[in-house]
Amino acid sequence: MHFGSDNTAPVAPEIMAALNDANQGYATSYGDDQIMDKVRDKMHELFEAPDAAVYLVATGTAANALSLATQINLWQAVFCHRLSHAEVDECGAPEFFTNGAKLVVLDGENAKIDPENLRQAVNGIDATDPHVVQRGVLTITQLTERGTAYSLDEIRALTSIARANNMPSHLDGARFANALVHLGCTPAEMTWKSGIDVVSFGGTKNGLMGVEAVILFNPDHGWEFELRRKRAAHLLSKHRYLSAQMAAYLTDGLWLDLANRANEAAARLEDALLDLPDTTLEYPRQGNMIFARWPRAAHKRAQAAGAEYGPYFGQSMDGPDDELLGARMVTSWSTSQRDIDGFIAALKG
Amino acid sequence: MHFGSDNTAPVAPEIMAALNDANQGYATSYGDDQIMDKVRDKMHELFEAPDAAVYLVATGTAANALSLATQINLWQAVFCHRLSHAEVDECGAPEFFTNGAKLVVLDGENAKIDPENLRQAVNGIDATDPHVVQRGVLTITQLTERGTAYSLDEIRALTSIARANNMPSHLDGARFANALVHLGCTPAEMTWKSGIDVVSFGGTKNGLMGVEAVILFNPDHGWEFELRRKRAAHLLSKHRYLSAQMAAYLTDGLWLDLANRANEAAARLEDALLDLPDTTLEYPRQGNMIFARWPRAAHKRAQAAGAEYGPYFGQSMDGPDDELLGARMVTSWSTSQRDIDGFIAALKG
Amino acid sequence: MHFGSDNTAPVAPEIMAALNDANQGYATSYGDDQIMDKVRDKMHELFEAPDAAVYLVATGTAANALSLATQINLWQAVFCHRLSHAEVDECGAPEFFTNGAKLVVLDGENAKIDPENLRQAVNGIDATDPHVVQRGVLTITQLTERGTAYSLDEIRALTSIARANNMPSHLDGARFANALVHLGCTPAEMTWKSGIDVVSFGGTKNGLMGVEAVILFNPDHGWEFELRRKRAAHLLSKHRYLSAQMAAYLTDGLWLDLANRANEAAARLEDALLDLPDTTLEYPRQGNMIFARWPRAAHKRAQAAGAEYGPYFGQSMDGPDDELLGARMVTSWSTSQRDIDGFIAALKG
Amino acid sequence: MHFGSDNTAPVAPEIMAALNDANQGYATSYGDDQIMDKVRDKMHELFEAPDAAVYLVATGTAANALSLATQINLWQAVFCHRLSHAEVDECGAPEFFTNGAKLVVLDGENAKIDPENLRQAVNGIDATDPHVVQRGVLTITQLTERGTAYSLDEIRALTSIARANNMPSHLDGARFANALVHLGCTPAEMTWKSGIDVVSFGGTKNGLMGVEAVILFNPDHGWEFELRRKRAAHLLSKHRYLSAQMAAYLTDGLWLDLANRANEAAARLEDALLDLPDTTLEYPRQGNMIFARWPRAAHKRAQAAGAEYGPYFGQSMDGPDDELLGARMVTSWSTSQRDIDGFIAALKG
């Protein structure tokens, strides 16, 4: 009953096989391996962006923080949602990598930035006043931290405001595949065709051991990215093992298969949860994350049965049995029907 | 004929097996996996340091830069050798991670800091003058960037100067195992018993896929390290795959076996090279790196045969055939006798 | 009719006299001048804090940013009001001087932090989770950016929350004197007796040419302050001219006289404004700043007459004559009754 | 007998008069004062550079560090002399303002960078290798820290290497006037006509209270400078008092008169010193600084008589009377013949 995080899941067997295959003989280090050439080609094709600069790093926080750092000057602002990973979960990595840019947090329903809030925040900055932090970059998360997905229209509404103010737009795609499968669009549509300039293309949460790609549709900042990556100690010496994972991930649609499995497991879990008494969703489920509420008594039963999930935000198990408490559940490519059934059974008691 | 770098070698089969073994079921993410508990225990035992704080990161530059950052304030100096990795090969990572500390470069034969130079540099700083960058931390590299090893006495000579000036000492052990095998001492002797406070304990160059440990003998800075590691995006989510590599590396002396193989291959290569005409060593070989000089004609032959090594520092192949040019060769656990023989044959012509 | 800012006012004649007096012969540079010894003594006496470390810098932003930087680590948060100078008007100076600490903005009426908001923000941080920016320092502004003053009880309510969470408290006293005169308490009462650890003690807005003091009641961070000050290029070589201003400021209560004059001018202006039709205060006036609203027609008349004040936040003069628009007026020691009368006459038309 | 530093001298009476004059009525703050318009015009005329961006700050370290920060990216190198103020006397301010750029120290006789050393250092950097800190900016000091002046040819020899490698050149002119008077050239000749892109134009050491100008001949980085200046807390609110000093300094050649007085006093002191037994210069005197050596016995006599100068580098007064020890003497516009005579008399005994 493992619903704590998609980070606790194992590596997909196809990826392990690719790692074993890559472990033959010698390979040029530091990103000049031949497998990386394949990764680059596949990304160009996948994103319909033959000029894009493509890089690999080992963590999503590195992908985000390096992406943001290449897009702004240190006296500028990063516009992000109040609940975004960059603001909440990275211990100040964006501030570190940007050398002290300011994160301007914006609100909006379902963990998505409200365009009106972005417009007001951007307009509130006097671009001729050296006393104020200047306009910098927009970053949105897809899936959001509450498991919702921006529609293409919603993405365009935000990026058009950014572009009108000469700001680039970044997409934190730690769960890119899960969102794409939900939207049923192409990678190009969800990114540059909707105004996105830079993408953190996640793999780790979707079956890789630890690889995220950064795609810069405008390759002008590519050399800067390479220097910043090394300076931040994120250029791996035995880089072929990153390349091999990503190459396998992009082969024969594996990345979409894995995301489909995760999303479908979440859909089944959602259905089963909604059949339970007094159980409701807190956010619409649009990928592999479910945020729901149910009575404390059911929480107690699930935890007693060893279920792993996020009875998040430090909620106490002391209190009335019928009080409704929130829960976060994340599925992955490896979620089994047995786990789902067991979890539901435990909640039912 | 792969002598370009120990970073181009594959992962040792025992390590691949450990990764495959670790890929079963679910595991707590972000360093709280159970394998990491084993790694910590093994390190405590290995270093005879039960209180040491132990962490894993994916690159040697991260291990070094994070280690240094926890040891100093940003207005202080890092004392390092002019040829050190921190100064030469990290694109300013120490400056980035320390938020602008100054690297004070020191000279010394065989890529080892001369204690007298350290003493003068440290004494040259007025610890009561706010105009000058203050004393900070000593860092030495073992093996050095020229393949030599500090003796225990040499380490102590430097760390005692540091300690007398209230400075901690860091050891960049990217090739820790190769040096240890050469010295024939214990890990504790080469580190804290010789005055070292923090170690970057390398694994990647010695058969791992990408794991380095940081060992803080004084665990007081452990929490700071954890925060800095996350802030620098070096806390891997699926951390068990770092742990699994390091656990296997430390099991049954695998790490020493691998280093022995590399050093022995280097010894055989050294012997064969010294039998060649007009061939001399530039530095004493004390591990798995050889710096030698031989005539340009032999370089041409080797390169024509596809030998990989470092005809380093941008040397031109245009010029007199009998001019002596330098070369850097690095062996690894996977260096074959065939490669050595083929290389020597090519040099001979 | 100069109500735009207390920064546009001239230097008080007593201060100019002190500068002329100090301009005799030679004096030790970089803060070791004898006048600074007097400043230190006067500050110790004034604040009843004989051990406090006292330093001078030339700008309020430097005083604030250096103060904050000495109190926290770079992975920590600065808790400040959403309208605070540190957040709004310093182009990211706190982020620069702290090397990327995060400013957590809090709301509260009258530009004062609501203790409940502080408590929630602090409690929301898990002090054992390396993924989140940690608790750091509280900073409050006295007078606030809307001209209000925290009462001693209000200060204590905030600092006690900070202290309970092991956080120091900083007071941005750019208008320290104006607030003190309003509260009628002692400097010690408004600071360390109410839980403040570090003070930016402003002088520039109250008649100096450009001097602010920083007072660290716990002198342990004094040496760090000296190094950071130099590193930030804020140690003035001909420091005696800073000392001379501050020494004169603190002599015979000049600093309080100047603030009294400013506050009394504001009181008279307030009274006169409130006699005008359709004119109301937006915030209670508690020092030398007035935030009021009146009809656009009156704004037009005042601006036509050349009155200087802040028809702030980019308000347009196009629109209905009877629409109420905000205004910010700041008085200083040099505000004349003639300016007040002229301003009122212009508003009346 | 005040020869310790030109920073210990008083402010020139013309400057004090200008400050008193400027202290009339109200003036726009933060650099938008009308006197600054005059300063800008005067600088444009003086430097024959009508498009140059001109800014004022209060310290030389700020002028240097801000200048360098606008010229490079943080992964680049600052090439400077080993004895330069930026390297030795600013507690890491260049590293702070550039967010961790690396200072590459170069040697050269008479505290001047040897062009061959610059060429080697620049050529040693592989501009395609992300592992190494990249080429950034050249900075030279005029007068140098040992009182010597680069000739125009010497400046051009260095800046032409910089320009050939796409690097801008900065001139730290803390003693700009003293050097100019020595060379007998125009400001344009000593700067942009010799390849200099940015100048720190010092005033404080030459009779001002605390003002340095920064002149960016290419104004493209002007807005960046304004933002960085504010972010570094170096935008003074009552800016008119900086402007007033600089305007007076540039009026009727005052700045050259003051420098002439300082240099002439140094020339007279030099002559008198060289008449003393066993006294020699360590560096050629080319401005207002003298570096000489004489017997310890003479040092003892001078110090007993209360002479202020730099028996620098922590030399001990314990030792043989006839041992030659170094001394640094700096004259200023205010150096009196009586001080010179008294000093010589004391040395003679």
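Chains here go by letter, A, B, C and D, matching the order in which they are written, and residues are numbered from 1 within each.
Note that in this section a residue touches a chain if its C-beta (ideal position, glycine included) is under 8 Å from a C-beta of that chain, and two chains touch if they have at least 3 such contacts.
Just so it is clear, the structure is predicted and the values come from calculations on it, not from any experiment.
Peer 1: What rotation angle takes the CA atoms of chain A onto those of chain B? Round to the nearest 5 degrees.
Peer 2: 180
Peer 1: Quick check: more C-beta contact pairs in C-D or A-C?
Peer 2: Answer to which pair has more contacts is C-D.
Peer 1: Report the inter-chain centroid distance for chain C and chain D in whole angstrom, where each centroid is the mean of the CA atoms.
Peer 2: Roughly 34 Å separates the two chain centres.
Peer 1: In angstrom, rounded to a whole number, how far apart do the mean CA points of chain A and chain D lie?
Peer 2: So the centre of chain A lies 51 Å away from the centre of chain D.
Peer 1: If you average the CA atoms of chain A and of chain C, how far apart do the two points sit, in angstrom?
Peer 2: 42
Peer 1: Residues of chain C that touch two or more other chains: which are they?
Peer 2: Chain C, residues with two or more chain partners: 30, 74-75, 90-92, 96, 99-100, 130-131, 227, 230-231, 235.
Peer 1: Hey, which residues of chain A end up touching chain C in the complex?
Peer 2: Touching chain C: residues 74-75, 88-92, 95-96, 98-103, 126, 130-133, 314 of chain A.
Peer 1: Report the residues of chain A in contact with chain D in the complex, numbered from low to high.
Peer 2: 30, 73-75, 99-100, 130-131, 134, 223-224, 226-231, 235
Peer 1: Touching residues of chain C toward chain D in the complex: what are they?
Peer 2: Spelled out, the residues of chain C in touch with chain D are 2, 4-5, 7-11, 16, 19-20, 23-30, 57-62, 65, 90-93, 96-97, 204-205, 209-210, 227, 230-238, 241, 308.
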